[in-house]
Every structure is written in structure tokens, then in C-alpha cells.
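Before anything else, here is the set of structures, which you'll find just below.
First chain A sits with chain B, and in the next complex the same chain sits with chain C.
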Partner chain A sequence: MVQLDYPVWLRIEHWVNVLFVTLLIRSGIEILGTHPKLYWRDDSRPGTEWARFTRKTMPTDKLYDTLDEEESYSSIVSLPGHKHLGMGRHWHFVTVMGWILTGIVYYILLFATGQWHRYIPYSWSIFSDAWNDVLTYLSFKLPALLPGQPLDAVQKLAYAFVIFILAPFQILTGAAQSPAVEAHFPWYVRLWGGRQGARSLHFFGLLAFIGFIAVHLMMVGLWGWPQLNALMIFGGVRDLGWALAASLVIIAAIVLVHVAATVWSLKSPRMVQRALGFVISQGRLFFLRPMASRQNYSPSQLSPEHRVNGKPPDSDDYKVMAVHNFVSWKLEVGGLVENPMTFTLADLRALGEKQTQRVLHNCVQGWSSIGEWSGVPFRNVVEMVKPLPQARHICFLTMQDTGRDEPAAEGEGQFYEVIDMSLARHPQCLLAYEMNGRPLPIKHGAPLRLRIENQVGFKMAKWIERIEFISDYKGIGDGMGGWREDNVYYDKDVEV
Partner chain B sequence: MSAVLRWTGSGKLISFYRYFSFNVPRVTTASGIVLLLGVGAIRLYWLTGGFLVSNFPVYLTACVVLLVIAALLASAAMVVGRRPGLVRIGWALGSVVSAASIAMYVVSRILGLPGLPQLVQRWDYALGTFSMALAAMYLMLHFSVLTGMNVAYPERRQWHD
Partner chain C sequence: MGTSDTLRPEITVLTVEHKNRVLQQIQRRRGTCRHCGGEHFLVGDALYLGFLFISEHQDAYMAALTCTNPACPAPHTGIRLRAPEFLP
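Up next, the complex of A and B:
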């Protein structure tokens, strides 16, 4: 049997893993803080949550939206802290990419070198041995190690659980929260009890990791911090003083990376958005972009109350239009097209048979609802206006002025969002003028909103007044591809 | 006092628990009952000869019997109580049982109990450690109910927002 020692690759992987897991935990807490409530049901109905991590109580006598529910956590527990969801997402996703790659390399090397013997049990007797070890620990003694192995039986089982069950579980429940995955494989999200079930289970996974880390550190302390760190740093025990010092230096370095990531994110969020966003986008576009939505929930699954984000336009023009059922509203479609067009609501309704889809809505904050949307498939409009070859993106301009309509929001100006041309051709990309069989409610974007079911909710512009086909979005706003991208540093491509 | 709490930052630390609230009353009550019955069952096992020593002094037998009965009564009050007052008494009685169990165990290991001097320094008793862990977890759970982090059956959260 191979000698179960501490080869260089195992030592490097261990410390890289420490860095990634701690970054994942802190950035995950940042993401949780933006909607600090956990549910089991996909409608995320207020009051049905099973857990809250906030001191806020929302008013019952005035309108609020889910942005008002955001919690600002300290940078000590979250990355970067202080209500920066955009930054938290960038760190979480870039870290998870690194973590998965690290894990794949770890698995390969584990099995290629025979080191898998250290974790994978191959005798039922390990369970009785583990039980005896538990009794020994409860007697405040240290059990014997397994013969020829670096771990005792209960440790071996614990590591096997974390490496082969808990880590994949976190990746799978994380993937179940991706709108693209949910839209393309609706059965997959049902496997976890729905979107909110996956989110709650992902949270339990987080707790399990925190628990494992706490016990792991305690065990290292009990068995001998310098000795075990000597093995995990130098591969053997020679000078315990050096091992202790080296372990403290490595921990300090990891803390330093956390501090640097936090300060960088708080001081230069645009730079973080560009740098990390570039890496994440490559993965998103390659793996998730091809996943078109093919959802069709049953009418009985529709949420009784569909949650909402963003406040409606508070202008006289909009109110006058709303009072008159938007008969005077017009949608201009232009830019880099052969055939610029203007549509009234009646024109849109007359554009062939309306398409209806019952789908899961994923807010970037973490809540979800299921709604039925009806309207014009966007690809029909695209075919009518005939985009020029240089048109690569589509900009949706809305009637919402965030400075006026959402004074608490960070940033101001006309709300807009940009999508890539490829998304416009997805079969469930819809210009919706109805919701749940009725005219689109004002709070959900009347008279017209966009539905792109494999994206996070904020891309689905509400209160649309103009659609522009463009070759580049760098000259619009701050050039990041949307109002939220410009002002709160979200990513432009949000398949997850 | 409030200035000291603010200045030292300990006020924030103490009030940290307010960030956590759960609406799982049945799970909370079930957990409390399991923990308490666990403590009681271990005492019962000791009474029936499963302890380190066979010659249990009479006073200790009486104490243990009382603890077991109290644990059963507390569990019953927690699970069948329709009146919140009775449920609260059940939880409080459970805390008394848990605290008394821990106190007796620790005193027996540090100072010794009359008639059982051989237990001093005998920390190497797995079932005893396990029993203390169960009792400590019950106390923490009850603390979470008292502070409002958890609610216990039959109460429910009245979250309207």
C-alpha cells in the first residue's frame, strides 16, 4: 500500500483550500445578507420564512420592496461587508471557480497517487472503530490512529464526508440556484425541493463547513498544533519552532488576502468588477449561456403574491398614461436596425398569438416567485425591425428615473439594461404585457417588461419605453452594461 | 452602563443574537424534549446499574429519581401544554434539571460527593461527558427561546412583513 504521507501537492492544496473556503464563506454571508431570510417555498411569501438574519422589521402600513430588506453586515463576517452584493457575488463566483478547479485537481491526484486510502474506508469495521473513537474523545483522551494511516477512524470518516459529500453538495445546491440551470433543467431544482429549498440546504452546508472547520482546528490543537502543521507545511516533523512560526505566517498571509480583498472591494469596486467579472464571464458564457429556458410550471404552482423589486416611475406623464390604461404609451424600437418601428400596446397585442409562460423568477437578492407572463416573443420583434450586422447588443430604456423613484438607491438616472443579441432569440425571451392572465400590474412593470428566464431578475427591465439595437454599450451610462452594473457593480451576464 | 457597553463595543457583541430568529417551533420543542429525555434516560440507566460504581448512596438515588421525574414532567408540559404559561414552566423545569445534572456531575468530579469519593477526577467517563453535553445544549436552546431567537410550540412567529 502507498505510504500515506504528506506529498507537496497535498500540502499546497490544503492551504489553497483554506483560502478559498474562507473566501467562499465570507462572500456567501454577504450574499445572504442582501435578503437575510430563508424559505422552503418558492413563492418567498413574506412571513413564511423559517429563519431571519436581520434586525429589521418591515412596515405594514406603507409600500416597501425587497431592496429595503437588505442588511448591512460587518466586514469581519462578510466580504466585503456593508451591503455590497455586487462585490460579494464577484468574490463568491470567482472563488468557487478556483475552488472547483482545486477540487478536481485534488480528486485526480488523490486517486492517481493512491492517497485516496487516507480518506475512503474499505472495511465496515471502520464504523465500530469510529464509535470507539467517539467514546475515547468523550473520555477526554486521544484515540489510536488507524494502522499505517495519518488519521483515526472518526477523522477518516469526517474527512471522507467533507471531501466526497459536503463539498459536492455545496456545489450542487449552489448550481440549483442558477437561473440558467433552473430554466433549462426545471427537474433539477425540484430535486432539491425548489429554488428556496436549494438555498436553505446551501445554508445548512455552510453551517456544516463552519462546524467542520471549528472541530478540525480543535483537533489540530489537541493532537499537537506544531507537529501537524510541520507535516502540512514541510511534509515531516523536524523543527517544531519553525513549524509553529510557519503556520502563523501562512495564517497571517491568508488573513492579509482577506483584508486586501475587502479593502480593494470597498475602495475600488469598479476595478474589482472589471477584473473578477472578466474571469467569471468566461465561465458563465461557456457553460451557462447555451442553457435556454424551457420551463412550464403548472397553474397551481403560481405564487399567490409575486414579490417585486424596484419602485414604479413617479412622474406625471407615467401616472396620466396609467390612468388611461396606457393607450397613449408608445414603444420605440430603433438603433442599428433596417426598419425602426413604433408600437402601441394595441399593436403589440395584435402581433400574432400571444405567448404565455409560467416560470420561476430569480431575484439577484435570493428570493423567488413563480408567475405567468404573456406577451410577444421578442424574436418576433427582432425579425420585424431587422437588426444590422453590426448590432451585437440590445439596450432596454425604461421610464424609471432611479434618483427620483428610488431615492434610497445608490446612483441615479434613467434605468436601463443591456442584453446580448443571442439572448433575444431564446424561445422564452418575452416582451410581457400580461401577468397571471391580467394586464401587467404597475409594480411589475406596466405596460411592458422584459422576461429572459435564464437570467437574474434585474436584467428584465420593467416600464420599458424604448429598445435600441447597439454595437457596443461602453458609451452608455458608465459603460458596464446596465444601471445596476454601473451603480451597484453587478455583473452584466447573470446566468447565475 | 450603556456608555461602557458602547465604548467597549461589548454592547454590540451582547446584542448580536438579535440578528438570528427562527420560526421552527415544533423542531425547537422536539429538540428540547429529546435533549431532556436524553439527560433523564442516562440518569435512569445509571440507576439501573449502568454507573461507574454499583453502590449508589440513598440520597443520590433519591436525587436522580427526582431528576428523572422532573425531566418527564417538564417534557410532558412542553409537549402537551396548550397554555403558554404551562409550557414556559415546562421549559424552566427542564433548565433546572439540566443545570442540576451538570452541577452534580461537576461537583462529583471536583469536590466529590458524600459516599462517592472515588469519582473525584474521573472525567474519563464518556457517558457522563455526553450527558453534560446534552444538558448544556438544552440550556442553550432554552436560552434561545427566552431571548426570542427561537419560539417553542405552541407559539408561532407573527411575522407579517
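Up next, the complex of A and C:
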């Protein structure tokens, strides 16, 4: 076969890949730390995790939520570390966009230039050769390279596995964790054994990448660090001293990018949120926003105990309303509408036939549960109040005072969330007053909560008291489109 | 008290005996309606607060009270009780 060289594009792709994969690993660990437990079943029931990366134990006599379970990891292993899920998500998603684009270019060039010969085996005998290579390595010797190729058999198989199996596997299992993808293609998430199956498999992919990188570095060291780095930097075995120096400079540059990303995220999270969030939002809105939910899980799939995020309003007014079954509660719907209205719970129940949906709930932290929600399709309320043409967003104001009710969360003030008008008309956008056939429990948002099934859970405001149609959300809170966006730097649009 | 599909899952249904104990507690505390100053109430069911709310004692409940003064602007109110005060 033709002796394969190391063209410039291959060398650039290699080093860009190192940067992207390491950023993905660290930001992935940040995301894992926010719910440091892995499950196989979609109910994420406490105690059923097959792996846990926390020593925290939760109380049994007091309501706890998943914010209490969050872990703070060191910046050495996670980006940026110290319990900054919003930042971790931004880095993970912006990096994955870059990684996928790099991968597409890499695949095209690989096949366009014949470089695919480097990785794709031609014969089944490569497996027996690879086994022999493993035995050779175990006897502390270096095996022979494949004829005319720069790799031995086990190396060739390892590269083929990473490039053609592991990388796509991580992208596919990552996509299976997007609430929009899950909501629009419920069969796709089932393909991976469910939401938690996909999350667990994604974690195994992470381990595989870490294992590959460790072995790869060891192999480069064994076979000759200066020689192999010369190939991957200069395209040929020459100037070995310079190759060694250049490899160290490149690695230092990659470390510097990590340090800069970490420091920037910890010191100026708002700037990171705006800059990276802008890039990510373009992809989200283009690819994922059109994915309306069409889920309908069977009653047998409902989670026996649906997990909770957020604690109920700890005020006497709320408790008095609750003990009277919320008969005195009123929902005000106003703002930029022709016909402002006020609804009691009885009014909402009387608004035509209630809609019921059995759906998968995706928390931003990674856990999931399946619940049945019933209530008023939000589009019905929208039609009744008649939004004015300038109304572009909808703000849901709740009775939760986060400083008082949610000590585990960063920030204070009334909890609110903003959604775009386009989401309000999605068929499974629901104002829910029932859960699993009973009145909506207090811990899940009684008397009324929002359900938007192609979004992450925190957008689905609970304990709602007012809905406001608005033209802009810049003047509300810190102007980022919601309490979590303001305080923990999440994105406003969370289809993933 | 509601039917099984309208009764809130967190509500503890009170018997007549429980309700009488709640009334005794109101009398003992000289409780009045915070909206109209009325002294007479109908007792409803109770909400267990201890598990759901972070500021509450473990055995805290709120019993539903309805002020019987027809002129009361907000007759729905409640009284916070510890379990031994009204649940045998």
C-alpha cells in the first residue's frame, strides 16, 4: 500500500482534537458533579444508582431536593469546578459544537485523501495480530508495525475504535440526553435504554476516552516521544530537539487555554454566559426548537416517586392557601394582552376538557422521572387573553422566594422564568394542576406549574401566581430570562 | 374533606375529636382572626408542615380554620400546632 504521510490538516486536527476532548472531559465532569449518581432506570429513584461520586446522605424526615445532592469538584478535574453547572454546560456545549464540526471536516478529508487506510482494517487477521501485539506489550517489548504502516495492529484497531465508534457513540448518547430530542423522538431515547441508560453509557464513553488518552500517551512515550511528535508537528521525523520543545509548547498552550477558561468562568461568569450562550443558542434554536413534544408513556412506566427540584414557598400565606386546598389562590394573567384575566383553580378546572400527558422529565442536573400531568393547554389561556402583537415572551412569576426557600441555591429573590411565545403554542405546553391523577402535590408546584416537555425542568415554573406577557425580559431581574439564568448562569433556551 | 381525586395528598383528615382539640387550642391561645378579629372558627383538615417546609418543626401541622364572621374579608386562615396538641 501507499506510504501514508502526515498532511497539515491531519496534524492540525490532531491538536485541535486534544483541546476539544480535554475541554469536553472536564466540563463533562462538572455536569456529572451536579447530580453525582448514575442509574439505569429513568425514575432515578434514590438508592437505585449503580454508581455514586458523593458521600452525602440525604435526610428522610425532611424534604430535600436534588440541589442538596450537588457536589463541588476541584477545578483540576472539572471545568470550571466548584459547583458551577451553568458554566460547565456552556463549555460542554460550545466545545461539542466545535468538536462535531472538526469531526465532520476530519471525516471528509480522511476519505477524500485516502488517509482512511491508516485506520480501517482490511482483514479479520488484524484481531489475532492485535492480540499478539498485546502479549508482546505485556512482555515489555514493542511489537512489529503493520507492513508499510505507521501503526501496529492493536494501535490501528484502537484508533479505528475511537474515530469511528467511540466519538459517534458519545455524540449519539449525548443527543439522547436532550429533552427536545427525547420529546420529539421518544423511540430514540428508548434505543439507549432510556434517558438514564444514555447518561450511563455516555459516562462509559468518558471513561473510554480517558483510558485511550492514558494509553496513547504511554505508547507515544514508549515508541519515542520526539519522533512521534515530530511526525504530528512537522509531518516527518526530523529536528527531534525542536519537536520535543514544540510538543511541550503545544501542551502548555492547551493547558493555558484550560486555565484561562477556568479563571474566566469563575471570575466573569456573566460574560462567559453571554458569549458562549450566544453561540450555543444559534444551534439550539435552529436544530432543536422546532422539536415539539409528542410523548405518551404508558401508565406502567410512571415513576413510583418523581424526584423533586426546588422547595415550596415557606410562607404563612402559602401554607394557609394550601391547607384550604388553594380555594383562595388566584392566577393573574396580564401584561401585553388585550384581555387581562384572573383565574381561580376552579376556573382553570372548568376551562374545557383537561389535557393529560405522560412524559419524561429532564432535570438540568441530569436526573429524570416519568410523570403524568393534567391541566389546561397553555395555548387555550393564550387565546383567551389575546396577546398584543408586541408580546414576544411570557414571564411566569412564582410564590417561591429563593433566599428563604432554597438555601442550597446561589442567589435570592422571587423565582421566575421566561419562555418565548413560540413555546406557548406547543401541543404539550401545559398549565398543570394535577399529577398522576391527584391534585398537584405541594412539592411539585401546587397549585399550578408549567410543563414544557422539550425543555429542561427548571423552565417549568412551579407555585405560579402570575403570568405576564412581555416584549422584552432585559428589565426583569438581571435580564437573562429567568432566575436560574440570572443567578446560576444557565441558558434561557434549554432544549438540551 | 374532599373525594380521593380532589383531596390534596399532603392533607391529614381530622376527626371531630381532633377538631375539638384544635378549637380548645384556639381558646387557650385566645386566637382571633387576623383579618376581622373574629373569635369563632370552623375547623377543616390539617396540613403536615414538618416534612415539606424547611423552617418548620418536625411535628408541625397547620389546621385549616374558616372565620365564621360573615363580614370577614378573608375568612380562610389557619393555626400552627404541634402534633401532641391535637393528634392523640
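Just so we're on the same page, the second predicted complex is superposed on the first by the 492 of 496 C-alpha atoms of A that agree within 3 Å, B and C clash if a C-alpha of one lies under 4 Å from a C-alpha of the other, contacts with A are read in each partner's own complex, and residues count from 1 in each chain.
Here, contacts are C-beta pairs under 8 Å (C-beta built on N, C-alpha and C of every residue); 3 or more make two chains touch, one makes a residue touch a chain.
As the structure is a prediction and not an experimental result, all values here were calculated from the model.
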| item | value |
| --- | --- |
| Contacts of A:Arg238 with chain B and chain C, given as first, second, both or neither | neither |
| First (chain B), second (chain C), both or neither touched by A:Ala322 | second |
| Touching partner for A:Gly47 - first (chain B), second (chain C), both, neither | first |
| First, second, both or neither for A:Leu135, with chain B first and chain C second | first |
| Touched partner set for A:Arg55, first chain B, second chain C, both or neither | first |
| Partner chain in contact with A:Asp405 - chain B first, chain C second, else both or neither | second |
| Chain A residues within the chain B interface of the complex | 36, 46-47, 49-55, 57-60, 64, 71, 134-136, 138-141 |
| Residues of chain A touching chain C in the complex | 61-63, 311-312, 314, 316, 319-325, 327-328, 405, 407, 437-439, 441-443, 446 |
| Of all residues in chain B, those that touch chain A in their complex | 18-24, 123-127, 129-130, 157, 159-161 |
| Interface residues, chain C side, partner chain A - complex | 2, 5-11, 44-47, 49-56, 58, 62-64, 66, 74, 76-78 |
